[in-house]
Amino acid sequence: MRKLFTNRMYVLFALLGALLIFFVAWPLLRTVTSSDPTIIWETLLEAEVRSAILLTLYSSALATVVAFFFGVPLAYLLARADFPGKRLIEGIVDVPIVVPHSAAGIALLMVFGRRSLLGRAFGLIGLKFVSAAPGIVIAMLFVSLSFLVDSAREGFEAVNPRLERVARTLGASPWQTFWRVSFPLAWRSILSGMILMWARGLSEFGAVVILAYHPMIAPVLLYERFESYGLDYARPVATLIILICLMTFVALRLIAQEDRA
Amino acid sequence: MRKLFTNRMYVLFALLGALLIFFVAWPLLRTVTSSDPTIIWETLLEAEVRSAILLTLYSSALATVVAFFFGVPLAYLLARADFPGKRLIEGIVDVPIVVPHSAAGIALLMVFGRRSLLGRAFGLIGLKFVSAAPGIVIAMLFVSLSFLVDSAREGFEAVNPRLERVARTLGASPWQTFWRVSFPLAWRSILSGMILMWARGLSEFGAVVILAYHPMIAPVLLYERFESYGLDYARPVATLIILICLMTFVALRLIAQEDRA
Amino acid sequence: MKSSGAVQIRDLWVDLREFHLREIDLDIAAGEYFVVLGPTGAGKTGLLETIAGLYQPQRGRVLLDGEEITHLRPERRGIGFVYQAYALFPHLNVAENIAFGLNIQRPSGLGKLIRRKSAQENEVDIAEQVDEVSRMLAIDHLLHRSPKTLSGGEQQRVALARALVIKPRVLLLDEPLSALDPETRESLQRELARVHRQLGTTTLHVTHDFEEAVALGDRIAVVNQGRIVQVGTPEDIFRRPASEFVARFVGVRNIFAGAIAEETDENGTGAKTFIFEASKTVEDQALKMAVVTDLTGAVQASIRPEDIILSREPIHSSARNCFRGHVMEIADRGTLIYVTVNAPPDFTCVITRRSREEMRLREGAAVHLAFKASAVHIF
Amino acid sequence: MKSSGAVQIRDLWVDLREFHLREIDLDIAAGEYFVVLGPTGAGKTGLLETIAGLYQPQRGRVLLDGEEITHLRPERRGIGFVYQAYALFPHLNVAENIAFGLNIQRPSGLGKLIRRKSAQENEVDIAEQVDEVSRMLAIDHLLHRSPKTLSGGEQQRVALARALVIKPRVLLLDEPLSALDPETRESLQRELARVHRQLGTTTLHVTHDFEEAVALGDRIAVVNQGRIVQVGTPEDIFRRPASEFVARFVGVRNIFAGAIAEETDENGTGAKTFIFEASKTVEDQALKMAVVTDLTGAVQASIRPEDIILSREPIHSSARNCFRGHVMEIADRGTLIYVTVNAPPDFTCVITRRSREEMRLREGAAVHLAFKASAVHIF
């Protein structure tokens, strides 16, 4: 293919594409490079920043674990079974991608709010969502579960059903077939879905800001500082967050890459 | 396959999955159904709401058009060409999905802000980004272009390169080959990427709220009302936004479905 | 290591999107090598999957050694399955693939902890069984390789070993040779025959390749569009196809429509004659040939190309049917050469390359054809 | 509609991830039907794509009618290409697929608006050409169908029509019959021969199927691992393979290592004898056979299975080589039966089903073999 390259169309396409890449890369690079490392270090030492970042990482991880338990079985069913309403279920799984996150926050508040049925039920066992860590987890789960379910479903779809059938004829029950054949073969896709979901959870702002402004997660802290003190105070926090996200993203890419090889 | 179903594992999986589906569907349904239709109608008649919704639709459409011109050529190159740094470019295209949107807003502000180089350059031709419609377009473009590029790339990858080679032997130049073979065959994927990008642009909140709080787009308006007047005033706006997003989403699904058939 | 069961299938109907089976009745004896032959898309794979319990039939029963297994779960049937495209577990190495079925049957988890010693013994036992079957199939040097590094033939041997190691009562082979190149196909075909001789496992082998079916099958069932159209020994199917479909499928080229007439010759013995339908227009010259049959009326006749003797000189032989004609077409197939001779009906004969050179056969040449009355199959 | 060019390839080297070509030199005469034969993965498709200009060679030149086209863009070469898997444009119907090359050459956009009338004439002209080529290939009833509703054979005809309608100087066919079922393959093979007779377009056909190569090719080049190992007429390749690889690839089964010795018989005429290497251990009984060759020293000998006459009785014939042996194995291939006879070296012979029955051949039976000295190919 290499030689097909030397034509003018490819050059034009490369120019157009380069502008888009530049548009994505420059603001991020600029933010990261224009911050003084010592200021970033100092920012990292602030208790408020540290606890916000830790809360973000932890809440997103918790949301991912919850999604793993409920989402992987769902993904398997969507990949293997044929049932009425399957299209609808697939649609519902992807809805959170297109619902504005502030609207998602309102919707969650209506169901999990203090005065709602569920809110009161959970209140009895001492679990409250509004302005509390569980609310953050709920918000992150809502907006990012699609990524895990879709990725796991693709992973299961890539497993040849004949492998499962052969396993059955070799004496494996459905349960053994799932754990010894389907799950190990889909594992990379599931893992990359989990990392993507976690990264997407970290970056959530709109739904969390409505459901649980406090305790503050990093994106909310960033917004707070920007609103209260302006760009210069928000920048070190932004840099920190971008760096953390880029690192997880690189890890994700490396896993996906190994998968291809 | 249907009969494989009647095993206990599938029943367990279906129960777990149903909980997740319920978690997504219930808040949205609850929000939509608990609003009085007359109130929604009245809300729609408010000039502020209408102009916010129109601004949202329009800005997102504009961002999609910009991404079409720059992103489709990029997608074609990523699908067909092999070049050093291709992995890096692919990574950069997907970065906006994982960068927190409030941090993305800060990054864009640094590059397109009033005091920045680009901001001043554009200012000379009367184009300003901060607290202005172009800023909204820029923010939406940044956070949602990945969807269009990825979808278009998958579309081009699904086109057998031999079709392009045959077209070349039949006398078509690279340019004719692209327009008569590659583009028409990838068109459905491109279109579904455009709709997804547009829907994703509509739902953007974090980056826009930092770059251009005013003029208000619908998700910002929703947040503003929630902050100022509380849940009950925000709910009709949330309902409206969710309905609009669901409609575009159903359209997207229908197109993807036709694609499969 | 002997273990084989008889399979009976009674009035089986299966309806699925990809295939439909209708009124399937089969009796496969214990230890038999039974081949199901049919074109692609005839539902052959579906038949095997139904026997293995992977699909439930709409109607009908499957019996193994007289015991009904129609609704038994696949993992309880003890039926080995080998797919056309190998279907090896890509995340396990060759030894682990082969041991899969044995490991499943081993107590796991808690049971393993409690009976630790017996579990160890078990592992040694499994390793021995894997060794034995892989030596038998000459793949013992591949045990630590990953399946994707193997050639097609090696992969299919592993798949076979994996199915055999659980000592199935029945072995189901779904086009096991179709994905292989001709040379490997031939050697694995010989292997299948040897393994069957050695173990005597009842084998149900599905294929679309007639030569494969003839080479391996004790008996053959021909299926078309989800129905069984003929069951018999290879010789039966080859010599006495029950329908035009079977005849064409097994490579009979000379199929003629016509009618049977009885004639009495000078010695007073009755003989049957086949009158070609195509020749009816030329009343006075009705083309006919001597045949041996019990049928009467409108029938079809077929003659296998290799049963026709082709010669440049008039043929004086015991063959009852002699025709004179012109070579219409010579189709060179490498080792074999197909010659179409217009007598007026077109007969296709097959000769070797050497015969062609010796006869100096060219298109348009006048030739003589001869074949025995018994070589004509009437159906 | 005659249009054909001579292709010359000079010292072509191509290196790509999937294949490598080395030192390719070919001279294809105008109007010739040239077949490139080789195993899968030998770089045959890459060779065609390089000739079409879709890959650039690392070294070497491609000439069309003496004019260098090595660096010409593919759309300027006037070379038709047909891929194995048809590669029809799925978004166009059959007529649009065929007309694709003609539409491309038509002025479009602004040019079309200015010369509106001539564009209309042009369209009529295109429709006529599409009609003509589709009648020739018997696909004129399919013109309004979508490619995906067609059978494999129909799709390949459309692909052929699409390549032919631009009146290419050279037609490149990349395994055009491999994706088809045997029956369709045979009919399309006949079609290819007819179209070539009718149009006389220089054709370069790539295949891994020896029978296909023999049936179609004026000349054949055998490639292996990116190199050309032999070029010649089908008869050359079949009778006188240049290497063991070629011999095996074209289906020669009896290949023996040994040496040539010269002997003088009672009449004083010198004759050459081939001494089997395998027999050297039994000094006094060195197994040998009469051969016709110019070679001396260590050589290899091959005999085609169908050149060996098999009989239960001793054979008294003009054949110079007679052996006695036992039947080791009988491999039934439907129409043909391969018999392995141990003489002591193992000879494989091929007989028809009828001969087998007449001879009542069983494994272990004593048989006699005979073949001419000229049937032994020494290389």
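Going in written order, the chains are labelled A, B, C and D, and every chain counts its residues from 1.
Operating definition for what follows: contacts are C-beta pairs under 8 Å (C-beta built on N, C-alpha and C of every residue); 3 or more make two chains touch, one makes a residue touch a chain.
Predicted, not measured: the structure shown is a model, and the values here were computed from it.
Excluding subunit D leaves the other chains joined by touching in one piece. Contact with both subunit B and subunit C is made by A, D.
If you average the Cα atoms of subunit A and of subunit C, the two centres end up 54 Å apart. Taking the mean of the C-alpha atoms as each chain's centre, subunit C and subunit D sit 29 Å apart. Those residues of subunit D in touch with two or more other chains are numbered 54.
Counting partner chains per residue, subunit B shows two or more touched chains at residues 4. Taken together, the subunit D residues at the contact with subunit C in this complex read 40, 181, 186, 210-211, 214-215, 234, 238, 250-251, 304-307, 331-336, 350, 352-354.
The residues of subunit B lying in touch with subunit D in their complex are 160, 162-163, 165-173, 176, 180-181, 184-185.
Within the complex, the subunit A residues that touch subunit B are 1-2, 4-5, 7-10, 12-14, 16-17, 19-21, 23-28, 30-31, 34, 67, 69-71, 73-74, 76-77, 80-83, 87, 89, 91-104, 106-113, 141-142, 145, 149, 161, 174-175, 178, 196, 199-200, 202-206, 209-210, 218-220, 222-223, 226, 231, 234-235, 238, 241-242, 245-246, 248-250, 252-253, 257. Chain contact summary for the complex, subunit C toward subunit A: residues 49, 52-54, 73-75, 77-81, 83, 85, 87, 89-91, 100-101, 104-105, 162-163, 166, 172.
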